[in-house]
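These notes open a run of structures that come right after.
Each of the next two complexes has chain A plus one other chain: chain B in the first, chain C in the second.
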Partner chain A sequence: MKHFSLMIRNLSRRPGRTTSLILLTAFLAISVFCGTIVVSSLRRGLSSMENRLGADIIVVPAEAESKVSMKNLLLQGTIGTFYMDASALEKVRETEGVEKASAQIFLSSMKADCCSVKVQVIGFDPENDFVVQPWIAESLNHPLGDMEVVVGCRVETDVGNSFRIYDKSCRVAAKLASTGTGLDTAVYCNMNTIHVLLQAAEEKEISHKIDSGNDSEVVSAVYVKVLPETDPALVNNRLNGHVRKATAIRTAGMMTEVADSLSGVSRTIAVLICAVWILALIILFIVFSMMVNERRRELAVYRLLGMSRKMMSGMILKETALCSFTGALCGTALGAILVFPFTALIETSLKLPYLTPDPGSIVFYACFAIAVTILVGCAAAARTAFRLSRVDPGTTLREGA
Partner chain B sequence: MKKNAFCGILLILAAVIALGSVTVLGPCVHEDGSEALCTGAGRAVFWSGCALAALAILILFIRKHSARIVLFFLSLCSAAAGMMFPGIVFPLCRMNTMHCRAVMQPAMIILFAFALIVSAGGIIVERNRIRRESV
Partner chain C sequence: MQLRAENISRRYFRKHGEANFFEAVRSVSLTLESGKLTVLNGKSGSGKTTLLNMIGGLLNPSEGKVFLDETDLYALEDKDLSRLRSKRIGVIPQGRSAVDTLSVYENILLPGMLYGGTLRTEEAENWMTVLGISDLRNAMPAELSGGELRRMAIARTLTASPEVILADEPTGDLDNENTRTVLTAFQQAAKAGKAVLVVSHETDAEAYADQILHMSHGTIE
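Entry: the complex of A and B
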């Protein structure tokens, strides 16, 4: 306790030095904590996207790829409205190597009085669907009724509320868990509801029809699961040849593209963290080296008063550990304030799937950042502690006189 | 200088809130110029920032400790109200990825929370000064 109060007095007597040490270590802790959280959120987002994307191939109208990037549609929830003849679903099912096929119809609501918010409305067939239904089943324990919608976690409405799309009121039946992708900003409904909404959009003079038919005969995309032990690339080629005016896209290719972007971002973050650490470590070493000269006389007096070398180096290390701990704590708290409230901003800026880790992992990362910062602080101070403990009190005090 | 440290910080925070709410930390802006659902929240945040700034300036010029405590208390209430304006008192847009929810709301909550802490600190410091002077 006596040593502790001596440590506190030593630190408070030099507020400038103590504050700069705390700031430096806080800077280290922020970089470790924020970097770890962002990288792990991106990894979690990618794995969530892989889990949610249950299809091997997506068949879309030929013009869809020029209208909107499929990767953006999934990652950022870019509004995409494109249609093809509903007969494409049957053609896909007839193709060799296809195990399951399920159609979806996309509709974009308007940012106007008729609609609560501009969202991508996705109509799916609950009986045949294998992409959205398993995910919806986690939040909804009854079949999705007519004029009922399920909203992504980023759509700000609650279960039981009504949601207006083209002046048609839909009841929110469930809210989905976060996926970290653009699917979080979509609204899902069954085929009957989407046809009512397509009709309502038509009444607002927003045409969603294709040239050849009416809205009941259109689909936007067909999701395909290939038979086990069948090469998806082969099925993809067959689909491209078999289904007219449509393009088959392999989801694996999209995932690889996302994974590549993710590893690029991770690498950049790692390089930035390394640069911050190298810089901060150099500054820490300089600060401690300067401390050797500054505290030489003070520590010589301690030695004269009977303090052993071991006690003295211990005191310097404890002082550093206390400063590092305070800095690491402040840095981690500041990092949390910077990262968690701005999750949506980070996600939209990075344009990659982003899913914040669970609370247990966050606590682990915070402890990791604090521990690493304290360890590095003490390591930087160890050399100084050793040099100062070797100070000869007689010579030092005579030199200073 | 030390005596006015709290109202100085409060003034800086108030300026950031007021200026931020009409620039980068403001509500959503529709491309067609129409008013977004969050415009009201943006205006409320701007005026509470202005109120905080006015209170901080008043504190700077008032010497009497009891009056300063009252003003710090008012700024504390103003900061607490400001924290609740975006999203609770005034509605925001209904998509989490929109600017008002992704930037304005978290930034304003953090800034008003800091203003609240600074105001509370100011009250404590002024109370201690009254106690010291009475002894």
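Entry: the complex of A and C
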């Protein structure tokens, strides 16, 4: 107890040194905490994207700038609108190696009077869908009725509200959990509903350049699951040969692309953290080296009065631990203030799926950041503690009496 | 209780004439008895501080042994020697010895803070009054004069009340009146059963002494 009050006095009466220690350790903690949060959010984003994409292959119209726009849908929620003849679905099903196939129809709402918000509307077929429904089932416990929609978590409306798309009113039946992808801004409905909406859009004279004249016979994309133990690449080739005016794209390729840019970002973050750490460690080292000279006399007095070497290095380490703890706590709190409110900003600037970890993991990362910071602070102080514990009171107190 | 030095020497590695080392203290034996005040004098550089540090447990002799009763000080582990010094030996060094982050009062109570136990606040008040520094209790060491710092260090040791008091030129920067006060305090401490060693050039000090030792060129005559 008495040591503790001594320690507090030592720290509070050297405000410059104490503040710089706290600041430095806070920097360490900020970089570790924000770094781990961002990287793990990206990882989670990627895996959530993988989970949401239960298909091996996606077949889209040949003229759709296929690869780019699919990635856009997943990452930014925009896909544009493109259509092909509905017969494509049958063609896909006929293809050897296809286990399941399900069509979707896309429609973009407008940022205009007729629509509540600009969103991507995705129509799926409840009869055979395997892509959207398993996920929707998490938030909705009955089949999606006509003129009902399920909205992504970032669409600004609530369950029970009505939602206007091309002057048609839809009821919001459920709101989905966050995926960290562009799908968070999409709206899902069944085939009947999307056809009503397509019709309404056409009446609004919004041209969709539909190949076939008949609305009820178009699809935008066909999602394919291949038979187990079948090489998706092979099926992909077959589909490209068999389905006219369409392109089959393997989702694995899209994933690798995202994963690649993710590891690039992770690397950049790692480099940044390293830079911060090296800088902070150099300064820490200087602060502690300066401390050796600054405190030599003071500690010689402690030694003179009967403090053992062990007690002395213990005191220095405890002081450092207390400062590091304070710094780490402040740094982590500051990191949280920096990283959480700007989730959306980080997501759009990185152009990668980004899903904030659950509270449990956040607490874990916070504890990790604090522990690492305290450990590093004490490690940096260890040499100084050792050197100071060796001061010889006889000689030191004689110097410059 | 007695503090006994047996043939202690201290060599410093420094070029000195022919030799590579310089022997600051040469085979000195002395005994400090409880109840006695010993005055040690001698020219500057004769080895007084070196000797005092060695018998105070602060400086390992190159040769010889120091005993506090039957305990060989330098055979102890650092931990045990430190504790023993803290409880039983009080050294008032020649230079300034204040912890700058603590106030005068806190400095005086500091020895009692190291190993727990109740703080000797009453004794501290008493010695601050006797030595005329009670007005400075909340001052920081940086604000004090040399003589005030010296009296603070003396009050610190007298407050801790160890069995052995080793004072290295405690009256060097004090006026006559304060010198008398300090020497009287040491004399009373000796009468109360402590073993006291005072290094002093002043002939005044000798009037208080039970034993006078003279040091020259590292030896005691």
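Throughout what follows, the second predicted complex is superposed on the first by the 395 of 401 C-alpha atoms of A that agree within 3 Å, B and C clash if a C-alpha of one lies under 4 Å from a C-alpha of the other, contacts with A are read in each partner's own complex, and residues count from 1 in each chain.
Here is the rule we use: a contact is a pair of C-beta atoms (placed from the backbone, for glycine too) under 8 Å apart; a residue touches a chain by one contact, two chains touch by 3 or more.
This is a predicted model, so every value here is computed, not measured.
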**Report entry** chain A as common anchor, with chain B and chain C clashing or fitting
**Finding:** fit
Report summary line: Counting residues of chain A touched by each of chain B and chain C, the higher count belongs to C
Report task. Considering only touches as defined above, state whether A:Ser308 meets chain B (first), chain C (second), both or neither. Result -> second
**Report entry** Superposed arrangement, angle subtended at the Cα centre of chain A by chain B and chain C, nearest 10 degrees
**Finding:** 70
Report task. Classify the contacts of A:Asp56 with the two partner chains as first (chain B alone), second (chain C alone), both, or neither. Result -> neither
Query raised in the report: Does the superposition put A:Glu298 against chain B (first), chain C (second), both, or neither?
Result: second
Query raised in the report: Regarding the shared-chain residue A:Gly394, is it in contact with chain B (first), chain C (second), both, or neither?
Result: second
Report task. Once the structures are superposed on A, label A:Asp85 by its partner contacts, choosing first (chain B), second (chain C), both or neither. Result -> neither
Requested in this report: Could you say whether A:Glu148 touches chain B, chain C, both of them, or neither, answering first, second, both or neither?
Outcome: neither
Requested in this report: With both complexes overlaid on chain A, what's the closest CA-to-CA approach of chain B to chain C, in Å?
Outcome: 21
Query raised in the report: Where on chain A do the contacts with chain B and the contacts with chain C coincide?
Result: none
Query raised in the report: What does chain A use to touch chain B in their complex?
Result: 77, 111, 116-119, 153-157, 184-185, 337, 341-342, 344-345, 347-348
Query raised in the report: Which residues of chain C touch chain A in their complex?
Result: 49-50, 53, 58-59, 78-79, 82-87, 91, 93-102, 106, 110-111, 113-116, 156
Query raised in the report: Which of the residues in chain A come into contact with chain C in the complex?
Result: 1-3, 5-6, 9-10, 13-14, 297-298, 300-311, 392-394, 397-401
**Report entry** Contact footprint of chain A on chain B as seen in their complex
**Finding:** 30, 92-97, 101-103, 106-107, 109-110
